[in-house]
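All chains are identified by letter, namely A, B, C, D, E, F, G, H, I and J, in their written order; residue positions are counted from 1 within each chain.
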Amino acid sequence: MPKTTSDAHILVNMTYVSRATSDVDAKELGEILQEAQDNNAANGITGMLIFHNNYFLQTIEGPRAQINRLLYALMADKRHHDVQLLEARELKYREWPKWLMSYTSPSEAAAAIHIKYSTTVEFNPYLLSAESARGLMIELSSQSGEATV
Amino acid sequence: MPKTTSDAHILVNMTYVSRATSDVDAKELGEILQEAQDNNAANGITGMLIFHNNYFLQTIEGPRAQINRLLYALMADKRHHDVQLLEARELKYREWPKWLMSYTSPSEAAAAIHIKYSTTVEFNPYLLSAESARGLMIELSSQSGEATV
Amino acid sequence: MPKTTSDAHILVNMTYVSRATSDVDAKELGEILQEAQDNNAANGITGMLIFHNNYFLQTIEGPRAQINRLLYALMADKRHHDVQLLEARELKYREWPKWLMSYTSPSEAAAAIHIKYSTTVEFNPYLLSAESARGLMIELSSQSGEATV
Amino acid sequence: MPKTTSDAHILVNMTYVSRATSDVDAKELGEILQEAQDNNAANGITGMLIFHNNYFLQTIEGPRAQINRLLYALMADKRHHDVQLLEARELKYREWPKWLMSYTSPSEAAAAIHIKYSTTVEFNPYLLSAESARGLMIELSSQSGEATV
Amino acid sequence: MPKTTSDAHILVNMTYVSRATSDVDAKELGEILQEAQDNNAANGITGMLIFHNNYFLQTIEGPRAQINRLLYALMADKRHHDVQLLEARELKYREWPKWLMSYTSPSEAAAAIHIKYSTTVEFNPYLLSAESARGLMIELSSQSGEATV
Amino acid sequence: MPKTTSDAHILVNMTYVSRATSDVDAKELGEILQEAQDNNAANGITGMLIFHNNYFLQTIEGPRAQINRLLYALMADKRHHDVQLLEARELKYREWPKWLMSYTSPSEAAAAIHIKYSTTVEFNPYLLSAESARGLMIELSSQSGEATV
Amino acid sequence: MPKTTSDAHILVNMTYVSRATSDVDAKELGEILQEAQDNNAANGITGMLIFHNNYFLQTIEGPRAQINRLLYALMADKRHHDVQLLEARELKYREWPKWLMSYTSPSEAAAAIHIKYSTTVEFNPYLLSAESARGLMIELSSQSGEATV
Amino acid sequence: MPKTTSDAHILVNMTYVSRATSDVDAKELGEILQEAQDNNAANGITGMLIFHNNYFLQTIEGPRAQINRLLYALMADKRHHDVQLLEARELKYREWPKWLMSYTSPSEAAAAIHIKYSTTVEFNPYLLSAESARGLMIELSSQSGEATV
Amino acid sequence: MPKTTSDAHILVNMTYVSRATSDVDAKELGEILQEAQDNNAANGITGMLIFHNNYFLQTIEGPRAQINRLLYALMADKRHHDVQLLEARELKYREWPKWLMSYTSPSEAAAAIHIKYSTTVEFNPYLLSAESARGLMIELSSQSGEATV
Amino acid sequence: MPKTTSDAHILVNMTYVSRATSDVDAKELGEILQEAQDNNAANGITGMLIFHNNYFLQTIEGPRAQINRLLYALMADKRHHDVQLLEARELKYREWPKWLMSYTSPSEAAAAIHIKYSTTVEFNPYLLSAESARGLMIELSSQSGEATV
């Protein structure tokens, strides 16, 4: 029997929101993202991130044990706070097999997508249900492609 | 935990019909619409309106508390009367994320859409079921685009 | 509350077959159709008619009370006899919002549609189930467009 | 091949409402019912009848040709008028294989069943949809058994 | 054709929450309920009411026009305020054909039902979704029967 | 009531396999097919035939009584033997409204379709389930069109 | 690999109607049944039989090859004629794992079951659809148990 | 992170048939079963076994890696031969959480269950589909309880 | 508009596993549970707990913000470690409206439930999928009632 | 009745993973494949193979008896070891009617497909569920076509 990474059969995702502790500019965000991608690539973690108005809305996908280790790290990370998990569930396959990062631009198209899934005009992901958060991320990514910092 | 607008998690729509108290011409209708859009934009309310034969048929969408405040205002507004709610229900996402206003033109295509969802030849939204009203609005908007006053 | 035509909320269809009392030629059929359309337009009635081999196969749609008045008239009309209702049911929306009249031409395409929904080679709508009659009308109308007398 | 009654393969029902031309007392109703049952038994027709407030609400079931012959007779019968068909559809099997006749008693249980399927407190079957009429008949028959005149 | 109450074909319900303007004791509540039932019985309106902690949670059912007239009256009634509609939808049949009034008792069973459908321990119907409100009312009524004032 | 062909309301199909009694060459097959089509055209029978390796796989569609008469004839026909019925069922509409006859060519595409629905490399329709036989016929006919002898 | 009866993987049923060539009395029917059961027991064939008014309505179940051999025999059997197959289909499991034979008694209960699935009052299985025939057999067997000659 | 048995997340079953190499009497069967249960208990394997006419029909359930190790052992075991796998699939939960062993008794009830899922009268599990094998095992176990050697 | 607890509209659950840092005896477990229940009762949190072999398997239910605050506390609590979230999802209603605590007894019935949802004989909740964990908790609670420490 | 290959009615697939016993280069792999295809073509076996990092992931399809003979051979073949069956199930039709062999290239597109169905970055088919293995094979084959050695 081949040696396997234990706990590696179960693929899960987690979707959470949080707020940057202080105002984050493009350079800092770029560093955060680079660091995250380096760590995640080694652990089989992919996902999708929206950063807007100092809010993070993120989905991470990977083996259950690794995703839980990342959850520990996220909750201890001082650069953001008020982590609130919207959903965690098992997957048949990854919905975000490529790592995407999206600044929502102030364009009218992006605004129409925001309002479609939100009760409020101003972006506030703490008000989203898990289903609305997912709809928003999918529609934004299909509209804006893979924007980079 | 971030401060949130209370009651802002639940997204609802309401569809109602009413009749203009007196004959409304294009200029008056334009003023009514402008006023409505200014108020609604601030409260996260979007929707769809058909005005024809002095009847209003309208769907409004937004946070439940705001939509109910607007319902109070609609029922007190002297410019129309006989407000009759056809339906109010919770939404996963807005069906009318852009605000549309449609004069149904006297074209043959619009007439065929009217008769498809109506029992009577003459437009009378008080005779529509909620489902027929919704079918009518969707088909009219996909056919006529976003007509303006 | 606006005055409404009583009974006008419920939209129904009826599908029936009948036979012309005597041989009907194109001129007579044209007169029958013209008369029907004049009456029906005023009462919010639309539908679909196939006339072939002196048989009528017809679907009429409209407000329930009007459709029933028309049923009384059809059963008393001496120009055809043996009216046999195949189906009457409530509708969410009209399936024939435009009034269509179709002579089934002797083309090969029409013959293949006839045989698809019939047990017999010769057209005889008394042998059709309601579902077969509906399939036949839909496929014929999508193939032949809106033929006129 | 055995000789078969032509047109006898298709089983249908019809549900209609009508009003007695003049006030009908129990004796007259009994005669009407006896006459109907004698005729129907010979033609393979079964069904369910509610008579209340001088309104008839009735479902008849049988071979399509026979049911249509009965429809001709019903529309010509002077003892009631304003026949309005609610529904006619094909059946896999009869829903009323025994002939039932039900006076709705003034009991409280029957009143609760009436109001469950009606918009109005007073019994008026012209206001019922086909589905409500069917629900009303089924629930009344299961509650009151097979009442006779 | 019989004379019918116009608009009486469409059966709807509405579910709303509100708060008593001042503290309501049992005697005042009894008077409010008696008055409501007298008016509603004449208009074909039935429903279900929960009154607890000075909150009202109520579902009303009846013909669409009558239910809308009642909505006008409710919004103008000074004895309660902050009317918030949770849902309005068309019905195949009434879910509350008998008029029920329920004081939720301080028993442990009722508390377990409250918490099952609520996020908060204390009863606050403004926090309920339409579906949770309906689940709460159904389970409470099946557990407590038809309590009267 | 119009005179109808008795038993003509029910449309059925039958799918069977058989083997030619002796080797059949193209000329003989052409004569068999010509004879079959002449008889069937008069009786409202259509269908699909595959002849390969001296096996017949055939679906016939038409009025139930006629199809059964043809079954008697097929079982008595000395030119093939071992008739084995795979399926007989009622139809809403004919799946083979045009009469098709298909020689499966030795092309690679046809071989891939054969193997897709078969357990064995060599064509043997006695090994097919009814569903596999139907899949094979549909895919072959959509690929090869209407080949003639 | 164990030796298997070839063709024995596929379980099918067939339902057919036929008429006795001459009047059959109880003794003759008993002999027919005894002979059938002796043959069928050896071939893994079970089923259900109704004999009434000189009509046979029968479902047989077993391996496809055996059922087809029995079909050949049935069509050649001079004791009945006009064999008409209503349906043949593959089974996941037998619906009649015990062999049943039912005389429909002249009781009122059996009559109500007959009329439920039939258009005509008199028993004539040639007028039944496959689905009605099956409903009739199931309901009769659950009501009358396993009657023997 | 706790140490886990690798590969232990995925629960599967396998159903196979085989034949005893020589006639097996009750004592030998008892020894085979005892040995199997001792090994399986340690590896988290449960299941169901039918032994009849020297055929084995067995379902085993457990962690995927263990079940595959058992498959290697089964194929090498000289006491039976012609192992034929009918099905292997992933499970949400075990269907046989208790280890059952069933001799099918020669009672009439067991015979009716056998014939229900089989084409042949004589028990031969090589002729069963996976679905029939499962139906047979479930029905036999619910009828006969947990028989032991 | 009444004052509402912000974020209190959304009801969620979380299911996680963890391991006690050191061996926990009944007295310590009792203290942990008492402390948890006191805190949770004030925050509208209910749930279900299994403690066995020094493993915790727990589902908690309540308002999303409160559940997330509890998640922060759980991850910082030194009395257990290796917290691994199996699932977090939104609820229509609580599945555990009463707080349950269950020691799985060493009875045979409990063992059969464990093995039904587990790959391994020894209890190890890190090996469970979210669905298996939920099945196990539901079946254990329905079997053992509300055991207390 | 025609002679049939016994056991040839049931079409199944099997999906398994294994590891090459020693490093396999392109030449050796080519020989293995050629040998396999020669044997399989004669036995009606088709399928799909992925070979990567010395792991095999393969689906084979064909008659149940032949597939089981191949399973015996696979388990005895010394060129690979640790055969682990992921799934075996009955088919309506083959999903791989052409024999495909795919080297997964180190391209970025193939990597994204791998990660979509895997928990780990490195390819290890022992960690796949049956459903993920199937998704991976389908998506890889539709992307890369039929690569040959």
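Here is the rule we go by: a contact is a pair of C-beta atoms (placed from the backbone, for glycine too) under 8 Å apart; a residue touches a chain by one contact, two chains touch by 3 or more.
Chains and their UniProt names: A, B, C, D, E, F, G, H, I, J = BLUF domain-containing protein.
Keep in mind that this is a model prediction, so the values were computed, not measured.
J.: Matching G-J on over half of contact pairs, by residue number: which of D-E, H-J or C-E?
T.: Repeat interface, by the over-half criterion: C-E.
J.: Do chain H and chain J face each other with the same patch, meaning over half of the contact numbers show up on both, or with different patches?
T.: On the two sides of the chain J and chain H interface, the residue numbers are mostly the same, over half being shared.
J.: Quick one: chain C and chain H, Cα centre-to-centre, how many Å?
T.: That pair's centroid distance is 62 Å.
J.: Which whole number of Å gives the spacing of the CA centres of chain E and chain H?
T.: The separation of the two C-alpha centroids amounts to 58 Å.
J.: Find the geometric centre of each of chain D and chain G from their Cα atoms only, then give the gap between the two centres in Å, rounded to an integer.
T.: 36
J.: Among the residues of chain B, which are close enough to touch at least two other chains?
T.: Expected reply: 1, 4-5, 7, 9-10, 65, 84, 126, 129, 131.
J.: Write out all the pairs of touching chains, ordered by chain label.
T.: Pairs flagged as touching, ordered by label: A-B, A-H, A-I, A-J, B-C, B-E, B-I, C-D, C-E, C-F, D-E, D-F, D-G, E-I, F-G, F-J, G-H, G-J, H-I, H-J.
J.: Applying the document's contact rule, which stretches of chain G touch chain J when the two form their complex?
T.: Those residues of chain G that touch chain J are 1, 3-4, 6-7, 9-10, 65, 69.
J.: Give the list of chain J residues in touch with chain H in this complex.
T.: 7, 10, 14, 64-65, 68, 71-72, 75, 83-90, 126, 129-131
J.: Can you list the chain E residues touching chain D in their complex?
T.: 1-2, 4-5, 8-11, 41-42, 44, 46, 62-63, 92-94, 97-98
J.: Name, in rising order, each residue of chain C that touches chain F in their complex.
T.: 19, 82, 84, 112-113, 115-121, 124, 126-127, 129, 131-132, 135
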